[in-house]
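Both complexes below contain chain A, partnered by chain B and then by chain C.
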Partner chain A sequence: MDSDDDFMSTVSSEDDMLPDDSDNDMSGDDDFAFDDEPDVYIDSQKETGHKKKAAYDISFKVYEPGDITKQQDDLINEVNMILDISKEEAAILLRHFRWNKERLIEDYMDRPVQVLDAAGLAQTAAGPPRMQVVPGFVCDICCEDEPGLQTFALKCGHRYCVDCYRHYLSQKILGEGEAARIQCPAEGCNLIIDARSLDLLVTQDLTERYHELLHRTYVEDKETLKWCPAPDCENAIECAVKKKDLDRVVPTVSCLCGHRFCFGCALNDHQPAPCELVKKWLKKCADDSETANWISANTKECPKCNSTIEKNGGCNHMTCRKCKHEFCWMCMGLWSEHGTSWYNCNRYEEKSGVEARDAQARSRVSLERYLHYYNRYANHEQSARLDKDIYTKTERKMVQLQKESGMSWIEVQYLNSASQALQTCRQTLMWTYAFAFYLARNNLTEIFEDNQKDLEMAVEALSEMFERPITELADSKLKVEIMDKTSYCNKRRVILLEDTAQNLAEGRWTFNVEMTGSGANGGPSSRR
Partner chain B sequence: MAGHFAAKRLSKELSKIRSSLPPGIELVSADNFEEWLLDIRVLDNNPLYQNETYRLKFRFASSYPIEPPEVVFVKLPDRPIPIHPHIYSNGIICLDLLGQQGWSPVQNVESVCMSLQSMLTGNSKNERPPGDEEFVRGNRLRPKDIEFYYHDNDV
Partner chain C sequence: MASQKRIAKELAECTSSPPPGITVFLPNDSDVHRWHAVLEGPEGTVYQGGRFGLVVTLPAEYPFKAPTVTFATRIYHPNVTNDSLGNICLGLLKPENWKPSTRLASVLEAVRGLLVEPLPEDPLEARIADEFRNDRREFDKNARGYVQRYAKGPVKFEGSGTAPAPAEAGDNKKGSSGSGSGNTGTSGS
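After this line comes the complex of A and B, so read on.
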């Protein structure tokens, strides 16, 4: 996978849905209280009732930067009103509770003192901190004692000169990328600097960076939110699928910027393969393990000096180039001991010999199996990359077509749809091969392979049509054929995904590798 | 390379250190505002450190005291590296207050020395940190670039 893949993402989500599909709205569940309700995404699918959702299709919502700010502001305002604390304090509390408003309010009602303490807030009722000149003041950081020195202290009363405070804050913000948990500079004081005090103390550029960092922690703190990984995209996606669900669902989401990615592992769309298999597959492909596999399948070691030897023909009488050791390729024994049966190893059927042969044969079969899947996977990956060129050519073709055939802009859009269908389908096909590599054979895999074959044939047929010269493309008969094939491809893809997703959700696939059940990248599965 | 900010603070610290220091701490050299050497001794009769003096090297960046100084033990013929589960045999010290997270700008050379003194005083384990040998052999990083994992705070 490489960055070229982000190209795949331009496919709009309408293209890969059956006509009876609903759109990707969250089903009215807007208060993010997912933490305490397991499997919400399944429930919410049921709730939609009249709208039938495809099994591979999950609920999600895209938020633009403005939405994200508004969500935070709304929560802050709400807590500010309910608990009668300042907005800055509400924000610090919310961050401390990872934006779980319900738990914050509950805990605060139960034991306000401990909650404030743990969150880094003072309990004094003093007014908001401000800059002050204190007679006889000596700053503990820079030892400055000039009269008229501007000083600042949080509610804890640890007072330092404004200059030192600025140095300290800029070190924290720019140097350490810290924002949500910047503490008072005093040793052992865990009071948190609030946004208002910070704005008072530092310059504009620092404030901007500070708020940007705060903004980031909001999305990162919430398990149901993730940034869109596309370059320069500032949107975040909300999806209720949790880490523990990743062995049963492949949560593919599509950002407003067009990027399609997996909410579970943030990699590009890898349906139908679950995150864990994707991770295993990518690792396998990246590893040298296959080189080792080849070596073990095709070579033996010299019994004396252990040099690796590939036998490329000739008889069983081997003479090691390095150490001149003479041995039998078959039994690996000394050639001199072969006695009368030169050129024919009669020790061939010995138990150890049989075992050695079996091990080698198994290794060879497993290598061939891997290469079967890998070649097809890599082929689709490469074709997808070539699709990038096709896509740019398509635009030119469309303009050309408009000129030559007198068709309108809207009439040539079918080429665009065809190109997009090709890309999405190739992306899916690619991952079907990685998926199939890990499948243990049974009746289900046969259905799967049929689906895979149907999609592959449809894609190749469309790809062939798509590359016809412009004069032929103008023919209305071919246009209809391309449109038919495009929608056929999309349908085949949906059928394949539907089938795999349903079996995955119901745990019916058998894999030939151990599945740990927890998803992609490590870390705690629930953070409370 | 101490900047104006650091220089001012260090000159104040130095004049205070020259006038008085707690027992067991001695200034060896402070010729500039980049590197100071101090000797420390453990005052109680902890058998691990009895009759020994240890040499500390402080290095200050221009951002001192906003950022912590780099503090290591230095080995000399008469100045060994104290044995301690948080002190590597090359003199590098794993102490949270010397890291960015644990450091407070209110700390100073004197307070760091005192913290190290008490870190030694409170220790009863005659051992190096786990993995000392590999660390000392392989480490090319400056102390501030090492991500220490402060697994316990009671030693």
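After this line comes the complex of A and C, so read on.
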């Protein structure tokens, strides 16, 4: 197997959405290096250079709910043993330190009292928390004082009736979605309620919700972990790419559920365009894609402030509503230069008019440029959908064909791979247009455009074959052609991504927009 | 409901031994979830001499959910919206900070504390906060102007009741119903 094939096997395994044991290590290794802040991706790539990892390929791991629980339990047990504190306290401390075990242990060794205090675990001499009846007790929350009232207090000794405690906890858990940082109900007391006390107090359904919320804070607290954004998927992905790296890398990850998304912004896979450009592009498209065509055909811009104006009747004497600039609709020149010839504009060669028309032409060009890229972007998005539709239809026919021509299930799988390839390649092509829209011309853009063209031609050719009538599809010659084209498409995609990712990592692209390096704000930081 | 007992107790405490500079009464005796309070501008502040109406609304889930407090009287302050809504930014009323054991008396005291010491780092009115920090003289002038304009005479609570005038403020705790015709209304911006 040469290295090129090696390349393809990783790609195809990703495309086939099959879990690959070597890539996505699911076993909860006891010694997994979760707490070590992993090195920046570039360094780790250099270390594993012998594996010839593609520049656009990012290392990541998928964790299922069981793994996430196990990781927490492992960390809690470890801290429980090292620091000789209860598991409940270890859990609270770890959450307080956002699961940074090293920092917790170090800080705790240095100044245990302050650490416990800050985490809401202030030490006071008292037995383990339990419910009890206290004679002469008046609950400070509901002011009930009937004898025999069940009461509860944490270590801090702030005692309330059990009803109020329950009410408070359900308000926090169900009403506010709080779990890891629920404090004692007393004013000014920052002692945090531990899982064991909570289990003692509340009903089963609330406990479940509480543990689910706790579970979630673990993923949300760690910068290297993110939930898979696919609906109903409960997996989390670990990836070392940080927010500050996002201008140099597009961290596409793929979950075991098959969803491919960007770890930086949680949007669907948008290689090769970096997150920040994607955000800008989507915003721009939401602003004007639908109306852009109409605007270019029916409106003019105010020569002074460039506000778009539609003339819906009346005379040619325009006053911009925004900047109050007065101009002639016909020649776009200053109205004051028109003298008394109100309704006939005969001032074609007036200087201010020429300038205004130039400015308008420029903005028209920029709109046309945008539409050029947008139309191609939207076209690939649309085509990807259509290809998918065709595939579902073909799939049905293939089942039929299987029966009629005696082809086996495995023999028709080439259509599945072709369809997957079309989807991923179109997804990539789509984003190459958004990327190109922001790309400033330099020596490298030509290579990029050639790559883009090659991929596009390959994809269109495959797409065309794919649309052939079902009887032709069964033809073994076409089958071979489709298989070849499929692998060629995948190869072209890899080449394009490799080239763009490498230049991005080395900072060789120049963009015609300001890059602030804060492109990751778009994605949701929490779910549900 | 459990909260009734608590509210009744708090109301009794607030009327029998009110927090300094604050008078509390119910505009409608049958509704214990809506309190009115009159806050005297604290001495030594720009608000001195003014009387400010506060509307306290207790949610049905009180004390497990925080009450809301708004100014019925216009006030020039970094932490109170400069409009007829009079919303207040008060840390202790935020859901994540609210504790069911917190008493309304301490909430009202916190509001009073805000007049003694505004918190321009956490403003609702950024412009006023900037002025408070950078041009205290101008701020003082404006705040006093508002007191003169809005916070003198009987306190109005959006037509639902008038507080007793300063002279009779001693023990008459119930506000006379009806809007009254005070000369300095809250809605006359």
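Following the convention adopted for this analysis, the second predicted complex is superposed on the first by the 412 of 528 C-alpha atoms of A that agree within 3 Å, B and C clash if a C-alpha of one lies under 4 Å from a C-alpha of the other, contacts with A are read in each partner's own complex, and residues count from 1 in each chain.
What we mean here is this: contacts are C-beta pairs under 8 Å (C-beta built on N, C-alpha and C of every residue); 3 or more make two chains touch, one makes a residue touch a chain.
What you see is a predicted model, and the numbers here were worked out from it, not measured in a lab.
For the composite obtained by superposing both complexes on chain A, the positions of chain B and chain C are in clash.
In the superposed model, A:365 makes contact with neither chain B nor chain C.
In the superposition on chain A, A:515 makes contact with neither chain B nor chain C. In the superposed model, A:141 lies in contact with both chain B and chain C.
Contacts of A:164 after superposition on the shared chain: both chain B and chain C are touched.
Shared-chain residue A:174: touches no atom of chain B or chain C. When both complexes are aligned on chain A by C-alpha atoms, chain A residues 140-144, 158, 160, 164, 167-168, 171, 175-176, 185-188 touch chain B in the first and chain C in the second. Looking at the complex, you find that chain A touches chain C at residues 140-144, 158, 160, 163-164, 167-168, 171, 175-176, 178, 183, 185-189. Those residues of chain B lying in contact with chain A across their complex are 5, 8-9, 12-13, 63, 65-67, 97, 100, 104-107. The touching residues of chain C, counted against chain A in their complex, run 2-3, 5-6, 9, 61, 63-65, 95-96, 99-103, 106. On the side of chain A, the complex with chain B involves touching residues 140-144, 158, 160, 164, 167-168, 171, 175-176, 185-188.
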